[in-house]
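Let me begin by handing over the structure; questions about it come next.
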Amino acid sequence: MVEFQEKCRVASIDQMASDVYRLTVHAPLIAAAAHPGQFVMVRVADRYDPLLRRPFSIHQQSSGGTLGLLFKTIGKGTNILAAVTVGDSLDLIGPLGRGFDLERERPVCIIGGGMGIAPLCFLARQLLLSDRQPEMDHVLLGARNREELSPLVDDFIDLGYPVQTATDDGSMGQHGYIPDLLDAVLPAVSRVYTCGPHPMMKIIVEKCRQADVSCQVSLETHMACGLGACLGCTVPGADGKYVHVCRQGPVFYGGEVAW
Amino acid sequence: MVEFQEKCRVASIDQMASDVYRLTVHAPLIAAAAHPGQFVMVRVADRYDPLLRRPFSIHQQSSGGTLGLLFKTIGKGTNILAAVTVGDSLDLIGPLGRGFDLERERPVCIIGGGMGIAPLCFLARQLLLSDRQPEMDHVLLGARNREELSPLVDDFIDLGYPVQTATDDGSMGQHGYIPDLLDAVLPAVSRVYTCGPHPMMKIIVEKCRQADVSCQVSLETHMACGLGACLGCTVPGADGKYVHVCRQGPVFYGGEVAW
Amino acid sequence: MVAASDTKELQVRIGSLTLRNPVMTASGTFGYGREFSNLVNLHRLGGIVVKGISLLPRPGNPPPRIVETACGMLNAIGLENVGVERFITEKMSFLKGLDTPVIVNILGDSVEEYGEIAHRLDGVEGISGLEVNISCPNVKKGGVAFGTVPEMAATVTGAVRQATRLPIIIKLSPNVTDIVLMARAVEEAGADGISLINTLIGMAIDTKTRKPRLANVIGGLSGPAIKPVALRMVWQVASAVSIPVIGIGGITTVDDAMEFLLAGATAIQVGTANFYEPSAPEQIIQGMKEYLHQQGEHCIRDIIGTLQTGI
Amino acid sequence: MVAASDTKELQVRIGSLTLRNPVMTASGTFGYGREFSNLVNLHRLGGIVVKGISLLPRPGNPPPRIVETACGMLNAIGLENVGVERFITEKMSFLKGLDTPVIVNILGDSVEEYGEIAHRLDGVEGISGLEVNISCPNVKKGGVAFGTVPEMAATVTGAVRQATRLPIIIKLSPNVTDIVLMARAVEEAGADGISLINTLIGMAIDTKTRKPRLANVIGGLSGPAIKPVALRMVWQVASAVSIPVIGIGGITTVDDAMEFLLAGATAIQVGTANFYEPSAPEQIIQGMKEYLHQQGEHCIRDIIGTLQTGI
């Protein structure tokens, strides 16, 4: 396990939708060590308001030393982040936490909802490294509307994955809920990877349990340190004990946590 | 007495020296009511760090509704201010406090040190409105070095004032101290206006007292409100009672405060 | 009458005093009202609490008196004020012209002084209530603050109660081990309401000069930094007494204000925020109506104390 | 020997314990040290205070456990820890390999428990001292915190003193009326040092859901927001006791640290800052040398308590 604190120059910031941004920074040390499902803690301002770093999944990574984040503006920190400009310096700590186990068997099913799609892009790319044919896999992506979903879908299609979509407003793909798409493909897959809203993941974990398919989920909780030190990021584990999302996760097997 | 809270668009920001900036904002209400020697309270960030507004003298004012500030970066607030860009919005309250009394008799002597020159530019321009010939007046300006002083000197020269200068490092004008230049002109003037470092103003007030020349000084203290409400901006008055710089000043007659 | 009930949606009561809305300005942060008259529509406020008044004028502390801290500020004004007589003659003429309740914050060195000043203000036109600042040192008890000993706080409350027919609000100091003990003591002694918190005691040092940043060495900490402490104390006190509680401490936005109301405050005061955002009180009043709408409630009284602490 | 004296310029002592510099990491904010080993050079630190340890493992509070506030954060971790036995077997193997003093923060429900855990840790290789967290509720006294009653604090101090030969530091709670009374009580009961402050008690509410933001409703406030209160208390205590004082509260920069040393602290601890700026302790150590140079002083001991409060 290696972790770095790195001062990173902003290489690009693109507005993908009204409140969604893709940020690329030069972070050679973190990028070189990153594994899909891991995250970084970003210091969004060098003043004390906001005080704490913000956690973001690693969305993209390049051997050239860049790291991509995909984020939605929801509050103080993300709004500050959306206002950075190329050349600004950002302080990142990472890569942090336990990521996805890269399944060699196939086909797998990748299911992402909203910003939960962020880490799955990096996952999808890394899965291809083990001479896998993406055509056999399944990718189910959902979001509020086409504006938000469409650019993310392109990422998977560019890699050769077949993608099924759903949107809350029906503006792209199926009108409605991503987990509904799962039933048709579940019998055929050996592993499900998912990240998205908690209720969505809960349903998926339950479907996988019933179908006896291994399922990895990526969780979100409020975090102060991301390092396993503050013990602030607990969720109840399946055994009744608490688990710490930043170290034991953020990626868990469905059966490891209480739903 | 009128005061406004105004959201002002940044019209320009120019770096005058390594740590000196001139900021121009659109503030039609404040600009229309401004009198030389008055100041504004600027909210430099909409977060809570830094929390308090920062006081700045009104440096320039145009009938077109713009307001100019001249400031030196010394800490958190001024550094944030130095990073604004054209089009940003800044929240200002002003015009605040008691300004200079515009002397109709002549000649007057204007003495500024460092950033203390800021309000004197506005004063110098307003003095000309009463069909005064600036050639008869005296302007003594000092700063650390030529870089800081030269652009400010130009402002006075453009208005037609004769200017004498001094710098700490001798890079422009006399090597040394501004008050030394005063002795030669003091017998001839009917009024001295000064703003600058406290020790400088103290000497000037004393020289004026001895020469029985009326002298107005502009003071600086830490301010929370600028409105006379917090009672935080006190200095000892000449009568042993405290005076409040934001309301009873920032401009005082030399004899009103204890030195 | 829709219009009438509509204007009453924000109305609250502190003892016999009715406020058109729960948003007041805190003592020492709003001068004598007039200072803000160019920037704030004083007629929209729920109430104005004026700068603390003592029997005789006080010069206050030497400068420096204020210093900024992280998300807060320290002040050591030293209770500078014009004294009760000049307050009545010089400041009340403006204030009594307002259609907004004026609450006079009072302070003293001794129980007797509190009683005297309350007596002097009783019946003065334009005064709707007294707020009693008990964070002051009791000079007869070696300078221990009235607000840190329940018995002393109760004695002051009783003395003020005797001296006036005006509603009296006791303003508690947060610098105590058990705020509930203090609140119960003043409730029993006859307070009509309790306001809290006054400032936390703090300090700052200039490391270059190696001197305190305040001439008085220590001062009162206020602003957003203290909000969590204030909210906790308001919740504890509101859960323990049956008189109205007024929440104070770092309130800047409507969200801040609603936190205090949910925790049990009947009204709130905006303090330090008046300095950096004079529009805060009016924005909060406006925001409260929107909050009611969002929550599907009809009036602000349906919000007060409705924090759900169960799971 | 210039080199040797040079490396000693930052050296300070807490009882029999010598620290190579005054900069430690605060309990609960630095895990068991190892969590930061990728980011911080642990060998440069003056000391490491580990997460609070109880006799038996504790699961801690349900989530949510943390929330950000203005220039601060609230935590209600609920003293989750592995218990003293697993601490010794699982955590000490890493810690004892360090050349940096390790101070074990201990806590208990009863005086006996404090004594037992201190006894158990006595003589364990690699432990340089104990820091006693007395901000915990005394279950035998109806849940009143040990740290709010001088007698109870003294009793705990005495029990720990009896149970160990290690230097003991008592960590005071700031949630009291008179911090000096607390400090004197633990000094008399045999403490080798006093650390302060622990967190202020605070609260935050989600106005949308109308629920507390912490499952535990209340939590401990830490970070830059509390620094002025911490500094004031350190100054008061350092002026009143003759044992060393360790300053804690919002320290992020060398300037913050020097404020505490000027106020009388012999050493400091960096807490919440480890979360947002893990390099803070090392930056402070470096900055201290520069500060000495700027002030024309030779060693850090010449700075401690040199605040000039006269005019």
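Lettered A, B, C and D in written order, each chain numbered from 1.
Simple rule for what comes next: a contact is a pair of C-beta atoms (placed from the backbone, for glycine too) under 8 Å apart; a residue touches a chain by one contact, two chains touch by 3 or more.
Bear in mind that the values here come from a model prediction, so they are computed numbers and not experimental data.
Touching chain A and chain C together: B, D.
The minimum number of touch steps separating chain A from chain B is 1. Chains joined by the most contact pairs: C-D. Centre-to-centre, using mean CA coordinates, chain B is 36 Å away from chain C.
We define each chain's centre as the mean of its Cα atoms; on that basis chain B and chain D are separated by 47 Å. Among the residues of chain A, those touching two or more other chains are numbered 48-50.
Residue positions 62, 70-72, 223-225 of chain D are each in touch with at least two other chains. In terms of inter-chain touching, the protein chains here all touch one another pairwise.
Chain B makes touch with chain D in their complex at residues 48-49.
Of all residues in chain D, only 62, 69-72, 74, 148, 175-178, 200-205, 207, 209-212, 215, 217-218, 221, 223-229, 231-232, 235, 250, 255, 258-259, 262-263, 291, 295, 306-309, 311 touch chain C in the complex they form. Per the touch definition, chain B reaches chain A in the complex via residues 45, 47-50, 76. Partner chain B is touched in their complex by these residues of chain C: 28-31, 35-36, 38-39, 51, 59-60, 62-68, 70-73, 75, 77, 80, 223-225, 252, 272, 274-279. On the chain A side of its complex with chain D, the touching residues are 1-5, 43, 48-53, 93, 221-225, 227-236, 241-242.
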